[in-house]
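Chain lettering (A, B, C and D) follows the sequence in which the chains are written, and residue indices restart at 1 in each chain.
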Amino acid sequence: MRLFTLLAVGLCLAGLPALAQPKSAGAPDPTLIEDLVVANRVLADLGVLDGFGHVSVRHDKDANRYLMSRSMAPALVKAGDVLEYDLESTAVDAKGQALFLERFIHGEIYKARPEVRAIVHSHSPSVIPFGVSRTRLQPIYHMSSFLGLDVPVFEIRDIAGPASDLLVRNAQIGAALAKVLGDKTVVLMRGHGSVTVGTSIPQVVFRAYYAEMNARLQSEAIKLGAVTYLSAEEAAASAKTNDALVMRPWELWKRKATKPE
Amino acid sequence: MRLFTLLAVGLCLAGLPALAQPKSAGAPDPTLIEDLVVANRVLADLGVLDGFGHVSVRHDKDANRYLMSRSMAPALVKAGDVLEYDLESTAVDAKGQALFLERFIHGEIYKARPEVRAIVHSHSPSVIPFGVSRTRLQPIYHMSSFLGLDVPVFEIRDIAGPASDLLVRNAQIGAALAKVLGDKTVVLMRGHGSVTVGTSIPQVVFRAYYAEMNARLQSEAIKLGAVTYLSAEEAAASAKTNDALVMRPWELWKRKATKPE
Amino acid sequence: MRLFTLLAVGLCLAGLPALAQPKSAGAPDPTLIEDLVVANRVLADLGVLDGFGHVSVRHDKDANRYLMSRSMAPALVKAGDVLEYDLESTAVDAKGQALFLERFIHGEIYKARPEVRAIVHSHSPSVIPFGVSRTRLQPIYHMSSFLGLDVPVFEIRDIAGPASDLLVRNAQIGAALAKVLGDKTVVLMRGHGSVTVGTSIPQVVFRAYYAEMNARLQSEAIKLGAVTYLSAEEAAASAKTNDALVMRPWELWKRKATKPE
Amino acid sequence: MRLFTLLAVGLCLAGLPALAQPKSAGAPDPTLIEDLVVANRVLADLGVLDGFGHVSVRHDKDANRYLMSRSMAPALVKAGDVLEYDLESTAVDAKGQALFLERFIHGEIYKARPEVRAIVHSHSPSVIPFGVSRTRLQPIYHMSSFLGLDVPVFEIRDIAGPASDLLVRNAQIGAALAKVLGDKTVVLMRGHGSVTVGTSIPQVVFRAYYAEMNARLQSEAIKLGAVTYLSAEEAAASAKTNDALVMRPWELWKRKATKPE
């Protein structure tokens, strides 16, 4: 896989047309675009995203394409800012706009995880400390049961060496990140942020928000003494229950985010 | 009692009409509905509730009925969303809507505590850590004197086994929770949230808010060293005083929650 | 002094007209009432007051009178809610309204501290933990230099016994509180809140806000290790400088609090 | 340098006209004034500034002049409040207005650091604790990589003695502060606040905000155990990357700050 990726990157750099100018998979379902725009606003309202971070969704017409805005602050994203990318994270039509340097996070995870349909990359504040210490992020209540037993941490030094700028700025680093994520829902990035994946936009927004909440509450709980975390069985049962409930907060968040000011 | 509950559940599952389709106790006082709608908004504004959690009130015409919204985000509840339930937590008329999975919290506590007239179930954030550590929630100031000497913690593993989804999804678990609550005002739920009870909507909102505040402040105080908590006598005297003052913040919160936007 | 207070209370309870129905000192400067109303709003906006707490100002026409609202949530106070009290904390004309149970805080401090012209009683959250632990509140930066070397703590058990409701509900407790305050600017009340005094409304609001900020920041600083506090000389020099600057934040806070919504 | 400064101050005190009444460098680019006004609003919105603190920008027509508001709360600054100062921090035309006592922070740093074009002085709350403890502020994530390996702390007692009011109220203290800042981007001031410098208004606002965020997150991370900070190489690489991205959050912050209310 890593060899293949390197090869693909090499071909891309060589300017081969098929890779450099991917064809569009056609217009996605308009509600997908609308939900993606709403998700940007919601995640900014919830404090998961600030001027940085991004959210993407897999194209509903082609599993080899995903949708994400051009490089800009999430809270300002409108439908016209959404671009289509192939899984090498090349834009079908960049419209002359700057792209996120870290779009490879999305492309590589969509490659590695066929069931994933939405991805959030954020610097969600309470999560950051868990990426730089040895304390593992673990679910302290049922809302964050999707975290499972604990959450892996990606150390970029392992793939990009001791002097990187910490960004996932190419497919190789993206693939290494996807590998550490494995089959989990969240991966922390040391000294940087985190990535959350889901099977829909409402679910990934739910997860990105409650990962942040869990970090805040776990940090407080640790200060009070030994913590009883969810067991693996409890986390699995609860995550299944919650998956059926993600529309409840989504309706609330969407209402607030789209309220005329 | 537990035997009776099991029996009732058994009958319910058997589909006996008297249990499956309880009769309405008639229209409640409209101000009760109005206050219930306001309480939903207030508790969301105060950060006690987010997209989840619920608040109920006992029916003023029949002590064997209570009122609570259908399953939805509290901040969005309107009068038309309020349903009537019997104490088995069966809706008189569900109007085809989804019901809260955890409505049994309310029914079982109303059964066990005749003087209770309003109940809040929340995932109020600062309280969560006290449910998963051995540090007990105790009143550090007069505003939370209703907590008494300390607050019991419900461990769902004791009744639902080691692999539950942590939800109070039937009458048996609800009755076990009510038993741990005993004659107190608040019970914590390990890995989940808490339940607060009161004799009126303004009082239960007051208590749910100041339980959250107490958790936040107690957590900070513990970090500063040994804490002097309210004595049992102080807590009792202060709780009596505060019960006469709950309308003061209620008027404020209601005003804010119902302000035209 | 305590004997005199007890005597005064005794006379008051005996219903002597001169004490029971104090005469008005006449209409205060309207800008004083306006600033008092604004102070209520500002302190609520800043999170120093919530549904509880109160702020008063000494009458500009008579040093033996003070002005404070009737018993109500501070954020809702309007000019018509402001009442005149004598230093026994008897309202000149209560207009049939409920009075704050703890108005004796104000009357007794105005008696004991002739130079004080404004008083805030609050449950300002970050300050509470310092009232229940042995860690003293001390100035960690120049904005809170008015705290001096450290801040006294009032233990109500010393005057009201082990089973009080923690309220300053009579002149005797108020006088004991004033004695612990001494010549300082702030006194903490164990298990309750704090009182801040000043020579003007803008100054007392400044002090109440930065006492809260200091508590928050000191609490964080302690977690980082040994703290260098302001020395007595630095605190004195800085407090003098700041006294000339209190109108700068006051103008900002007033503007925000009185902005049409 | 210190000798020269003392000499300059001496001349100034002696009332020599050339120093006392500097000539204007002419009207600056209007967008510079506009951005300076926006920066005041943005930094207040972000909680970096409250009623105190100030932001300045070097004059685009003359490197020996800088622009900053008169003494007032930052959130209220309008274009008409911006004054021009020379590097002795004498206003070209004070228009009869009070000036910031600490304007020497700006003048002395502009003297010492020719490449610096914008400066923020704040009491940004999370940063304060790092100025009064021995724990050094260090970058825990890429957003604050501009902090470098760690951040120097200015102890005013070293220059102004044990009884100062902690303010940088003359050129001598300002020059001492600039010396401790050295070639760094941020300097903490014990018991007071901090100063952040940059090569543009958007960059200095970015830095002032993420210095605050870093302090908050580092403080939390320390409580979780040993922290892996950015290495010197990572910090340098990341800071270079971020410098090209400062317009992304700036556009967002500017949009929010200038939105009609």
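We adopt the following convention: a contact is a pair of C-beta atoms (placed from the backbone, for glycine too) under 8 Å apart; a residue touches a chain by one contact, two chains touch by 3 or more.
It should be emphasised that the depicted structure is a prediction, and the values quoted were computed from it without experimental measurement.
Colleague: Quick check: superposing chain C onto chain D on C-alpha atoms, how many degrees is the rotation, to the nearest 5?
Modeller: My answer is 90 degrees for the C-alpha fit.
Colleague: When the C-alpha atoms of chain B and chain C are each averaged to a single point, how far apart are the two points in Å?
Modeller: Using C-alpha averages as centres, the distance is 35 Å.
Colleague: Whole-Å distance, chain B centre to chain D centre, using C-alpha means?
Modeller: Measuring from centre to centre gives 50 Å for this pair.
Colleague: Multi-chain contacts only, two chains or more: what residues does chain D have there?
Modeller: 223
Colleague: Just say which it is for the chain contacts: an open line, a closed ring, a star, complete, or other.
Modeller: ring
Colleague: Which residues of chain C touch chain B in the complex?
Modeller: My answer: residues 50-52, 71-73, 75-76, 101, 123, 125-126, 128-135, 162-167, 190-193, 219, 222-223, 261.
Colleague: For chain A, which residues are in contact with chain B within the complex?
Modeller: Per the stated touch rule, the residues are 139-143, 145, 213, 216-217, 220-221, 223-231, 233-234, 236-238, 240-241, 245, 248-253, 255, 259.
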